[in-house]
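After this come two complexes, each holding chain A, first together with chain B and then together with chain C.
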Partner chain A sequence: MIKYIFRRLIYLIPVMIITSFIAYMLVYLSPSSPAQIILKARYTSEPTQEQVEDFNEEYGFDKPILVQYTSWLNKAMHGDLGKSLTDGSDVLEDFIYSFIASAKLYFSSQLLALLIALPIGVYSAFKANSLFDRFSRAYSLVGISLPDFWLGMVLVYIFSIMLNILPSFGYTSPKNLILPMLALGLSSSFSLIRLVRTSVLEVLHLNYIRTARSKGLGEGQIMMKHALRNAMIPIVTVLGIHLTHFIGGAVAIESMFAWPGLGNFFAKAASSQDIPVIQGFVLLSAIFFIIANLIIDIICKQLDPRIDFHNESGKNNG
Partner chain B sequence: MKKEKLLEVEQLNIKFTTSIGDVNVSDNINFTLNKGETFCIVGESGCGKSVVALSLTRLLPENAVINGSVKFEGFTISDLDDKEFAKIRGQKIATIFEQPMSCINPVMRIGEQIAETYRANFKCSKKEAKLQALKKLEEVKLPANRYNAYPHELSGGMQQRVMIAIALACNPQLLIADEPTTSLDVTVQYQILELLQELKEKYHMTILMITHDMGVVHDMADRIGVMYAGNMMEIAERDAFFKQPLHPYAQELLNVVKDPCHYTIPGTVPNLMEIFSGCPFEPRCQKATEMCKTYKPENSVRDERMVRCLNVIPN
Partner chain C sequence: MGNNLKTGLVLIFVLAAIVFAGPLIAPYDPFEVDMSVRLQGISLAHIMGTDQLGRDLFSRLIYATGTSVKISLVVVAASMTIGFIFGSVAAFLGGAVDEFLMRIIDVFMAFPTKIFTIAIAGVLGASAFNITLALIFTSWASYARMVRGCVLTAKQLPFIDASVALGANRRYTIVKHVLPSVFQPLSTFAFQRIAHTMMMIVGLSFIGLGVQPPTPELGAMINESKNFMTTAPHLFVFPGLLISYVVFSFNILDDSLRDYWDPRIKSELVL
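On to the complex of A and B.
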């Protein structure tokens, strides 16, 4: 197990190099130059040729691309991700600040989604085709069709405008978290309800559930001890895949509630061609994803002992 | 010697309601199990043997409609509601299934699955249940250090031993074994049957065994029931049965065993969605007469023997 974790962490090195190189190349290939965009923003007028050259020299953009990249990589390995071209702030600090904001929003909303979806989905599967099940299926189908920002707008209208009890934007007080968390959490709960229902229903038809019944267990025990744990395996896997939403998925909600999360942060950097920020962002995101996936894999292994870390083919059903 | 009855099944009718119509899998089946005996139900696949066995402990899917009376120790259990019925499962009547791999929970340690049965039926501490589970592991001849193993770490034969240990955790009076050896290879089959026989004697258990293997029947059964297309065609004591099966279908089954390489019963098992006006075996029966097409045979019983055929009377 520890050996496996170590091996997975070693994968980090090539992945970091490759992703950051690709990111560097993509920025280089884009037709507009950072100097043009940033100087235009700085002086609010078209920059002169001289200004552009000075800028390029100052930041090293006049050097060949590979030299630029290796010098960046060298600094990055020493923990220095450079400074933003637009406001001169430290990239690593900015990233951490946005990361924490994103994490607050993401994890609280996913927790909310799970708290809503688990009981509803499980009960739906338990009483499949009952009135409750039909209602919850219709409810989640309607919910899936609603975009999260629409939900956010409705929530703002109800809680900020009509009732005036919650702020509609901001980051400073814990109250600010409530509306964006509700919007994101509710909108992810809809699809999660369906996922929980299907996975539990699938497990309930398996032979070992019949065995559990033949042992004299009550329906509640069968659900909690036998069905749910097996049904959690696909649910956790999907939640792991959903982690990609951590970065990009909440852009609409983040900008709507002026939440300083990663989505906002990256969108701003990309539109202003802020190369150090983009680079740092790509690198740190890659690290985050690899570690997050590793954690998901370890949780799956805890849930399903058939997963064999030493056997790359995965499940061993033989 | 008067035999004590453990289970009495009367007028058991089972059908499955499906979107394309009803499937009748049990047509007025009657049989009794005497205490301490092994009763084998044989027949081809698709004759409703397993359905009859599973219906006794209500383990069928929800679309099954069961009618009839089932008495256990003289007490009608078919009238109990589901909650009360759960108390009978495991404690009084236990079941083992075919394909043990799919029948034990893949993510739970096998020892815990055995202990859980015990705890579900007798209020006791975890420690006590674990001791009982270890005892059962020993009885099914698995080493105690396998307590913490997961099902996928065991072979098919060992998995079936775990299944038996789970079933016997509460020392039930009746064990329903639904094709317990079907998915196992021949030598393991033999070991499992031997183990069942040994445990049966130790605990004075009654076994209801479902199988399509005449060899298993010959080794295990005290009495035999032959099922065809949801009908119990013949019930007989083992020796009398193998000496002279009365029902044409039973005779055909034995012909297959005598010459397994060359002989097959002509035709196939009928679709159970059909409603039979006559005898369901009539299309494949070599002794069928015109009468068999129109009249449904009734059970004719003499002493311990029952036959459901128009042309045969037990003597």
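On to the complex of A and C.
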């Protein structure tokens, strides 16, 4: 196990280096040069040739790209990702602030999704092909097709406009969390119901469940003691994968409810071409994503020792 | 399950009719501004009402569905092609080439897709063309990894050995035996991605990084309607229902096609 983790960590180093290089180079995809973008933001008009050259010299943009990149990376490793061009705030502080906001929204909504999906999915699998099962399958199939931000708008229309009992945006009071959490939680619960149902169904037809039944155990005991335990493995895996999506996954909901999360913050920076923020956020979120994936892999391997990550045929990649 | 397949096919057929024959049915020009009828509700003249510039919502929705669906199809087809080339080259050549290509794919998959897409779309500037490029750029890697896995698995199957043992040359084996066994999982995967890609496009257009107004696009239209939620709820309700209709059609068809193509999975799920 330790050998496996060590191997994975070693192997992360080249991936991280290339990732940081891409994060830095992203800006050069733009049709205008960094100097033009930054000066335009500063003076709100097209910069002159002279201004551009002065700027390049001052900020080192006249040096070769590799030199620029290493100096950026060096600063980044010391926690200095530069300052936002729009409001001059520190990129790392912004990231941490919006990371916390995103985490609040995401963890609460995933918990809600689990609370909805687990009972419905398990009961659905238990009474497969019953009226309840058919209804819950139709419900989740329709639900999966609803865009999360649209669900949010419908909720706002009902609870903020028609009934006027909940605020439609804001971050300060706990009440503000309710609608975005409902929207995100509901929309994640739909696919989770399907997953829970399939996982439980698959386990229910294994031989050891038949053995338990032939021993004369009650259905409830079979479910709680034997079936659910194994069915949890794919569910935990997918929940883990969902959690890594909280970087940017909720961008539309966050922007809809003006929630100051990562997605919302990043989308604003991207549309105003705020270079240091784009570079810093891409780098930090990629690092987070890589590490989170590693942790999920390790947890899955712990839960189910049969999982073999050397098999790359895509079977275990969810 | 057979019923689902029929339902799915009918839904997709109607969708294709909206996308390809829609401009013929649309009663108004989707760009025609008429401030005298702005923000009107449902009426005989405008069966789905009008928007904040007095444009006919029904006509705009028809064009908007076309925009969203066409971008999804282009993104999926292009990423599938690129992924197929990368994945099969890696699997067939093996060795150092494989190692090199896999590392590239790893790096592409190391980024959270949405953040990466938003970054590229933002840096390039928001437009329909740039959002298509950004989505292709961020999604081809998963196709490549999948194709590589399929080719590697197929290469080990006994019937490939049998074909070689019978004297078939390398090219014949690849074209006649290995590639066909990749096409089915690849097309299932791609089909599944259409609905997902569609959700990405409407989401990105909704936050203002995708298709730009006045071009009709479902997500962008919902974004425009945000300021008129109280007075004109039809402006966000109809586009949302249409998105759900499109995604639902692809989902149900994907579900039933998988059962149809691979009865083994069906027996596992339905039992």
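Annotations
The rule is short, and it goes like this: the second predicted complex is superposed on the first by the 279 of 318 C-alpha atoms of A that agree within 3 Å, B and C clash if a C-alpha of one lies under 4 Å from a C-alpha of the other, contacts with A are read in each partner's own complex, and residues count from 1 in each chain.
Just so we're on the same page, a residue touches a chain if its C-beta (ideal position, glycine included) is under 8 Å from a C-beta of that chain, and two chains touch if they have at least 3 such contacts.
Quick caveat, the model's predicted, so the values are computed rather than measured.
In the three-chain model built by superposing on chain A, chain B fits alongside chain C with no clash. On the chain A superposition, the C-alpha centres give an angle at chain A of 80° between chain B and chain C, rounded to a multiple of 10. Looking at the shared chain after the overlay, A:I38 reaches neither chain B nor chain C. After overlaying the two complexes on the shared chain, residue contacts for A:K215 are found with chain B alone; chain C is out of touch. Of the two partner chains placed around the shared chain by superposition, chain C is the only one that A:V142 touches, whereas chain B remains out of contact.
In the superposition on chain A, no contact is made by A:A183 with either chain B or chain C. In the superposition on chain A, A:F289 makes contact with chain C only, not with chain B. After superposition on the shared chain, chain A has more residues touched by C, the comparison being chain B against chain C. By the touch criterion stated above, A:N207 is placed in contact with chain B alone, chain C being left untouched.
Once chain A of one complex is fitted onto chain A of the other, the partner contacts of A:H226 are limited to chain B, with no touch recorded for chain C.
Within the superposed three-chain model, A:F281 lies in touch with chain C and out of touch with chain B [touch as defined at top]. Shared-chain residue A:D304: touches chain B; no touch with chain C.
The superposed arrangement places chain B and chain C with a least CA-CA distance of 10 Å. On chain A, the surface touched by chain B in one complex and the surface touched by chain C in the other have residues 317 in common.
Partner chain C is touched in their complex by these residues of chain A: 14-15, 18-19, 22, 26-27, 29-31, 128-129, 141-142, 144-150, 153-154, 156-157, 161, 198, 201-202, 205, 244-245, 247-249, 251-252, 255-256, 262-263, 266-267, 269-271, 273, 278, 281-282, 285-286, 289-290, 312-314, 317.
Residues of chain B touching chain A in their complex: 57, 59, 83, 86-91, 94-95, 97, 99, 102-108, 116-117, 120-121, 150, 152, 163, 166-167, 169-170.
Note for the complex: chain C touches chain A at residues 103, 106-107, 110-116, 118-126, 145-146, 148-150, 152-153, 195, 199, 202-203, 206-209, 219, 222, 226, 229-230, 233, 236-237, 240, 243-245, 247-248, 251-252, 255, 268-271.
Residues 206-208, 210-218, 221, 225-226, 229-230, 233, 303-306, 316-318 of chain A touch chain B in their complex.
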